[in-house]
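Okay, so subunit A shows up in both of these, paired with subunit B first and subunit C after.
Our next item is the complex of A and B:
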């Protein structure tokens, strides 16, 4: 419960820590840990500007619905419901981007939609695999599982690791954001206090993704922590060491490699 | 009771004839009163009826049916000659030969020809209310069509003809009668699809004709095998009574094929996609309340016999495949009506699948989908017609200004899409229950269950992407003007839209109540086992399926309300900025994105054919 309320703060800390790690990997010192929060307060002071109200409103609702999806996940709710809610919250952001007449927003929205197409099937297969193993779609069943799911569905975990960069917009799969090409894509037209919602929603996404990783640890807290730390370093190392691929390459990779891995795992799970 | 049911058959036929004769000024009150009357009768029947009613007709009606069958097939043959379509001719000849053979060899039947149970009553509600609303809408729509005054009358007349035939289809027990009515729906759809008489219309109506004739042929073959194997009279009730017999699978498979063709499952999806050329009320009619709904109806009727058979497994696999394939196929579409058509095919696949699984919970899921899909799709299609007639828009990519020029229509279409998509709207619950209950299936047949779950969930994700793609266009605005002014589209358009919106809202809000009093009794009668509906705190249990109400309610507040509110919320005291263009001046067309899935779609049809072959093979073994 506390975790849900504090989710944006935790996400912010993760982001702050990530920026330090990233800087160290590049032999820089990097910003202080609380830098994301400093940015947060600075943004709140900026002049309020919007393109139109519907756009700004949808941005805020993206944050709210993402928080809700995260809440359902952390409370051990139904995984299919969680995945749908997460999809819908992303869809609100896409809609916001479409509602403007901005080229970069549109391109960003198109690419975000393609990203959904790339990671969503894998998440669904993971949910179905968890159902096959625990007999329930509830995340609670996975959290309480005596035997960590990691050992029963290692391929699915690898598939998850392969799609997480898409979800978190990390290189090599950061096509949706792609600062150099799209100047932020869907985020572009938000500014000031209204950008705050999008900015913190990204922090929520961190918590969401690490909660998904934690699903694989069952009730083994130590293993869960280990998995999260591992995933954290893996994501940052990957982000720092790879170049962006095109969205077509991303989609192809995800639907052939990641999808097949998760699918093979599902077949194995349903055979035994 | 019987007199009321017969009224449902006779009144639309009479009105259909009357509409041809009376002057145009009388058509309006006539259509409106009849629509109200039929809806009232079907509601009354549903509330008042318990148990199953069998009733027969005098013996001379049998002869009339036989003669009508032959006349109809000869008429099809005449069409084939007139339009020079060898395939329609071939089908008609085959059907005629089959029918004559059966008439010769068949013993006289003794059983009652009609059976009205809760499933029929459920279908009555859907058919009469939704088609009634569509008929009222057509009064205005057809006025704007360029054709002679007689053709306009003829159009309205055919709609009521269709309603009558549909009422007959869902209440006939005797398969020979069923065959006639099945073919009559084919005829009605043929006439309506070809209504505009241009080259494409004629071509597509012929496609619809021969594809559905295959269905008719399958029914004839089913009748033949029922006699051949001595199950007594060829009736649905006899089929169900012999459900345990070994050789029953073949007639079941044949009837299922008829259903799958009516339901436009691949590779027979072409006729429904081609039906788009007709005036929009026809599409609304075909997609929501008539024609394609025969498919889930047949499977629901047969589900106690189909359950757990290899035939059911093939149907489940086929529909699972169609669900995801149709969703993928829809992504590359731009024509608004074609997008809707693809999503119909996908959702029909889901309904048929749920009916074929045949557990009480999946039957409920199937029924929920049938009803909500009917309401949502008719609303969407009627508004597609408004787009066409009032705003002159056909391609979805042209709709990016609709948010400003026609905010009300944009809003209604958005709500329509959401109702197919989001919690707690019916279709979402149906979809979700199907996933949950397929989980139950998966414990026995693990691989099939797992694959189907992936198909359902994945197809659902693709469909949501599709809906959001269209909704993204509808919500677009420039920001130059802050206020929205709802447009006026004329009373017939507005009233029908409000009626459907109202129906949608009532059914959503009253869903727990409806589940208890509406869906579960029907499912109970079909399966013969009671479906328990228990509410414990914030969780509702339907059989083994758990519905967490609290997240559903919050999700409802969050998502659909957000979408509606986004049109109205205005931030005060905030400066406006123009969009960032990176200093470039380019003309960018603000359309939407497409996925070129065209290359994959031919393979889908091939795969569909393979599934149909598998269906027969499995039934033979």
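Our next item is the complex of A and C:
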């Protein structure tokens, strides 16, 4: 419960720590740990500029629905529901991006929609695999399972690791955000206090993704922490060491490699 | 809580090349490199005017780029500061008096800090940004009037010209 309330704060800390780690990997010093919060307070003080009110409202609803999805996941709700709530929050952001006249915003929305197409099937297959093993779609069943799911479905974990960069908009699959090419894509037209909603939603996304990773550890807290730390370093190393691929390559890779890995895993689970 | 004190902790920079030779731009990018690492002050090169605080302009204003310069300036939400980076952006530099450009960006938008040099050293750019941050902290959220909106463009030799319009409204900023 406390974790849900503090999720934005935790996500902000994760983001700040990530920026330090990324800088250290490039032999830089990096910003202070609380940098995301400084950004947050600064953005609150900017003059408010909106494109139109529906755009700003959809941005805030993106944040709210993402927090709700995270809450359902952490309370042990239905995994399918969680995945579709997350889809809803992204869809709201895409709608917001389409409602402006900026061509960069439209391009970003197109690419975000394509990246949904890339990661969503894999997540659903993973949820179905968890159902095959635990007999329930509830996240609580996965959190409480005696034997960690990681050892029963290692291929699904690899598939998850391959789609997480798409979800978190990290290199090599960061076409949706594409810094300096689309300059943020969907979040382009947000500014000031309304950009804060999008910026904080990014922190929530971190917590969401690490909660998904934690699903694989069952009731083993140590293993869960280890998996999260491993995923953290894996994501940052991947982000620093790879270049952006085009959306076609991303889609092809995700739907052939990640999807078939998850699917083979599902087959093995359902046969045994 | 004083929110204004957080401005200097997270300045987001928008970098615009108003037709320069790319020398100063290389030096700006050098500031991001491990040697100078301006991210340790929380600075990010955003590339998005709607989310940035500092406009870093290089190059003399060519007739092609001046409309975009004013447009970009108008899109940055207040408080904002403008840094003229390099000799060209400050005065026109070696391009001053040429048929295709103007002498410096301060004819179009109000400039807070001038950074000299051709091209500027990364140390000078960082120093300029630090001085700009002190100015940023004293600025208010009030709407700064866009220079462009104040005067109709002159039609001069079949081209639109907005030369010297900054002079007329400068007293409003000082």
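Throughout what follows, the second predicted complex is superposed on the first by the 272 of 272 C-alpha atoms of A that agree within 3 Å, B and C clash if a C-alpha of one lies under 4 Å from a C-alpha of the other, contacts with A are read in each partner's own complex, and residues count from 1 in each chain.
Operating definition for what follows: a contact is a pair of C-beta atoms (placed from the backbone, for glycine too) under 8 Å apart; a residue touches a chain by one contact, two chains touch by 3 or more.
Computed from a prediction, not measured in an experiment: that's the story for all the values here.
Upon superposition of the two complexes on subunit A, no clash is found between subunit B and subunit C, which fit side by side.
Between subunit B and subunit C, the partner in contact with more residues of subunit A is B.
Of the two partner chains placed around the shared chain by superposition, neither subunit B nor subunit C is touched by A:146. Legend: residue contacts after superposition of the two complexes on their common chain; A:39 is shown touching subunit C, with no touch to subunit B.
By the touch criterion defined above, A:26 reaches subunit C but does not reach subunit B. By the touch criterion defined above, A:191 reaches both subunit B and subunit C.
By the touch criterion defined above, A:47 lies against subunit B and subunit C together after alignment on the C-alpha atoms of chain A. Contacts of A:72 after superposition on the shared chain: subunit B is touched, whereas subunit C is not. Distance between subunit B and subunit C in the overlay is 5 Å (nearest C-alpha pair, rounded to whole angstrom). Residues 47-49, 183, 188-189, 191 of subunit A touch subunit B in one complex and subunit C in the other.
Of all residues in subunit B, only 403, 422-423, 432, 435-436, 439, 442-443, 446-447, 449-450, 453-454, 457-458, 460-462, 464-465, 468-469, 471-473, 475-479, 482, 546, 548, 551, 554-555, 558-559, 562-563, 565-567, 569-571, 573-582, 586, 588, 590, 592-593 touch subunit A in the complex they form. By the touch criterion given at the top, residues 1, 3-4, 6-7, 9-10, 12, 34, 37, 39-42, 45-48, 50-51, 53, 77-79, 141, 143 of subunit C touch subunit A in their complex.
Interface of subunit A with subunit B (complex): residues 47-58, 61, 64-65, 68, 72, 77-78, 80-81, 83-85, 87-88, 91-92, 94-95, 97-106, 109-110, 113-114, 116-117, 120-121, 124-125, 127-128, 131-132, 135, 137, 183, 188-189, 191, 263, 266-267, 269-271.
Looking at the complex, you find that subunit A touches subunit C at residues 19, 23, 26-32, 35, 38-39, 41-49, 179-180, 183-184, 188-192, 195.
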